[in-house]
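Below: the structure, in structure tokens.
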């Protein structure tokens, strides 16, 4: 697993409202939060975390940093992420919602050129239950265990985690890849990471309408993933062309109405079913389907 | 946010994309002060595509016909939308019609140039002619030339059409557009190019920094074309009885899906927003919850209100406290019949929909404070149905709605 | 091309860099219609720096003093340059003065941000305080923040000064500037920033595409501040007698150097341009040669004209042909005393400077055509000294000039 | 030597005035000019050289291309060079004068990222006498031999080449790195290439006022170059702050008049002399100094 309690973590925007709430929570959960950055607040101290004006200054003072969690306002995200990349940080988690798509295009080009992993934007981040919090997942909903969760949303993911926990199915990781239209890491990327992760035995994929991430995931699972995957798709009854919250969760009126009907819940569920991936009708079915998949694994072994 | 055709063309003009001489018509009598020569096209300025096929574009030769045509277009709804303004435009004779567009592709996360030599109304019949070029790195004009070559152009048309695509890309990149489209791009017999129709969509998340569009936001039809506006309930099924107050897009959609799957009819829903918004905080979430309760309670059709919150920002009891506060405020109105003027009597009558509440807050199940018990007792006393699981919440909500529907 | 202070500040205003309220004064009586309140600063608008130390800036408290000050500034040359316009500006009380600039560094081939907390008139005394940040990749605001940190700023000043640097960079990049400088950037006691003086230089090669500056080019003092203008002889030593007509920057400078080293005094030179200019061709080079000969011959002080051309575009004989043509045209003027009006008599009198010619054309030494012999014979007959080597050309030129100087 | 008659060469802007003149001359000199590009002139043929609208098309039709020589107008240079780099061409020679500096900054960043050699702009290009012409050097001035010429200018370089040829000193290569202010390949880069080139025995470096290329070259020669170098600097008597022709050949009125007095002929000559490099007083001294250096080499051997 590329993320572990050994990761040395930075919080950019530690003096922003959300950063100020979650930095101490992350630290209390065991995350090695070595520094915070908020321009204009340098030389201060926040719950024992040293705060700097620049990422470079933070690294000069506290040493190398593996991961940054970004809480700055949407139009400052690109700059914060580029600053982190320029300072040699290769894992960037963007919590902030609503980053303009063309900012993300520029950021992701730079991330590709520097082999940087970008998670988000509009992401609850990553939680490794009992070990590490890189974002805003409510820690009490999660318990350690064998189920990896990959999702595009926040509160629904918390709900699923809680239902899994209540069913006695702990989680190896919870990853939110982000709800904006243009995001960094993809479902296939995380499926591959969890396929290789020795602590993950089954994967729960929580999708929603908009884009073709779930279709891409379905193809990738069919071709490259051996571990059992259970899926859920939100938005069967969402009004077409309206934004419900996530910039990404919208069924675009297709340009020219060309091309196949992607982006709808039906299209995604069909793609998953074609790839023989069980799709839960409701969140409460997820633990049942996961248990079934794990039992099957035990039988096979 | 979509722009109307005339707004898109004003934008084209700023970067030197040629457009026909034109004038805005706000009412039929404006036709009399036209300065462009006949024949002209009169075009309904609506946000919906395909108006040509529905009679939203008329060609006229003189003032009398033009006034009549303007009157009829003003009164012609396009998919339910009436135009507030028409565009009167010089009629152009062209030999060929091309299609050009710049869009952002979500899957490859790059802008894409689109082009076809079969543009105009029939572009969909010639989908096989549509060419595309992915803008992998920083844009440079050779991307536009690649598109023109793929489209099959040669000679002077290569540079002429490339130059239009360059200008479209410049708008796309500097104005944070989701889409810029010219269809058709007319090519006259002497090789001149002109944008006969255009479509521009500005990215909602980028709108606040695109101050040039600030004036247009007020112009548009409210949230219909600016879906970013939050804080207003969205109507789903006008015949429904269920209101849904939820937080987070995925959870809101799931809740709607479950209600529908159980046979319930959601009339309206409100998403309080995700926990990744810059500036969000525990107190802001409480404020939004209080406001959201008021907003949904004011929708008369909402007979059953499902409040479904899952959050890491607030503990259960603080959310329940806000709901209790809402009920207390509502219960105190009206304070006495003497205080109410006759015309406000009806609206101010106490009306609280039947509430079904599921709250999953920070450290849920871990901290059962005394306060939580007290608040829950208050909610129970106020006939609020407090449930533990999502499935129960859905079942109770639908059951309550059935009572009302009877 | 340099901008005047008021032009630079107009540019600052377009991107939101704060500047003091100000008015342009074209003549002293404009002072009467000032709308900014006293006290004001009156500032000479010249292209040369250091005007403050030379009396080009005056502070005045009332109209009478202002008119007197304006008159004296209009009549005060700064290093030989008289202002055509003054800037009247509200006087600002500031606590600190910073220096900020964006330049392009030729060696590292990247833009560089410069900043110092010791700005104002004494910036040179505090060179050790000057900080710089290289913009390695596409600009992003963190480069500006890095500069402010290096300058030693903290707290709110970090974002405030960064934001000014961002705006300066935006101008630098979008307007093709060689330099944008604010000195001083005033910081008031309540932390407000204001650009009290500014300097902007637009890259000459980019001027044609920066159409926003098209109007300013006419305003400026001709080639003094727009060194790109070619085709005009440049004056070197007003006491000299030698004119130099050459092609290519390196060859022209070498020729000047050799003439000077041999004790000659070049009064004026003209570079016909290099062979790497887009659009250059054999015929264009011939045209420029013919024009250049006329231009240098018209400079009365040019007694000896060295024509020194080395080119791959033309053979020797074609260049010689152009020179012969020039001599022929000149020899035919005046055609008759009756054709000359009295007032033009003097200027039209035949005057050809003594010419020394060295031509090294395409395939020099390889093709000795019959034409070449004929042309050379003609030149020799016309007293033109045709030489083979550069050293000979220099020696002959200086020797001929000595004759004139006697 | 990275350039040889085996280089497969493209001319971009083959239908521009200079391109049209020099493409046939390059070809006649032995350069393997496989294609030309001029948008709008595709499918035509120029002196037997096939012309295409796009670099990609040229490569599709004629196969891989090593080197491109660019003759397009100044504001089209950036795009032409980026097009060539995107098509996989790694040697870009820009003849055109007057490319805006910020275009060059962008181009050189991309060249660095793709390990592309950029020569110019405002460059006569490269000549390997008797073998190869990549640019506009007048071929008749050059003869094959052991002297490598590196310069910042055009016609002066032709003059020096002719004087060397007349003195019986042939040239291994003639390189003009370009007269604009911001240029690609540098003096040190070419000094290193010629140091390693087995056909080069002595190097002539022709500099001029403006910038610090000659100062950098002097330091580099002192540290890394064993072959004899003879230098010449033009512009001792050039008027300060005036542009004589080259955008690069100007002694900047220093920002703030800070820093040492670089850019003047005196500064450059001093730097070269400090590095014990003979500096010719006039071009005609160059052959003499080269001969002397070569004689010394023979003695040492």
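The first chain written gets the first letter, and so on, giving A, B, C and D; residue counts start at 1 in each chain.
Please note the rule applied: a residue touches a chain if its C-beta (ideal position, glycine included) is under 8 Å from a C-beta of that chain, and two chains touch if they have at least 3 such contacts.
Keep in mind it's a predicted model, so treat the numbers as computed, not measured.
S.K.: Report the chain whose mean Cα position is at the greatest distance from that of chain A.
M.R.: Farthest chain from chain A, going by C-alpha centroids: C.
S.K.: Rounded to the nearest whole Å, what is the centre-to-centre distance of chain A and chain C, using the mean of the C-alpha atoms as each centre?
M.R.: 57
S.K.: Can you compute the centre-to-centre distance for chain A and chain D, using the mean CA position of each chain? Integer Å is fine.
M.R.: Chain A and chain D have C-alpha centres separated by 51 Å.
S.K.: What are the residues of chain C that contact at least two other chains?
M.R.: If we look for residues of chain C contacting two or more partner chains, we find 137.
S.K.: Indicate the residues of chain D shared as contacts by at least two other chains.
M.R.: Residue numbers touching two or more other chains: none in chain D.
S.K.: Using the contact definition from the top, classify how the chains connect: line, ring, star, complete or other.
M.R.: Chain contacts: single closed ring, each chain with exactly two partners.
S.K.: Mind listing each pair of touching chains for me?
M.R.: Result of the pairwise touch check is A-B, A-C, B-D, C-D.
S.K.: Spell out the residues on chain C that touch chain D in their complex, using ranges where they run on.
M.R.: My answer: residues 99, 101, 103-104, 106-107, 109-111, 114, 123-124, 127, 130, 137, 173, 176, 178-179, 181, 203-206, 209, 227-228, 230, 234, 236, 247-254, 256-258, 260-261, 266, 271, 273-282, 309-313, 360, 362-366, 389-391.
S.K.: Residue numbers of chain A touching chain B in their complex, please.
M.R.: Chain A residues touching chain B: 16-18, 21, 71-75, 95-102, 104-105, 108-109, 120-124, 136-141, 151-159, 162, 179-182, 206, 208-209, 211-212, 216, 234-239, 241-250, 255-258, 281-284.
S.K.: Using the touch definition up top, name the residues of chain D that touch chain B in the complex.
M.R.: 39-40, 42-43, 53-57, 76, 78-80, 82-83, 86, 106, 110
S.K.: Report the residues of chain B in contact with chain D in the complex, numbered from low to high.
M.R.: 136-138, 140-142, 145-146, 149, 154-156, 158-159, 162
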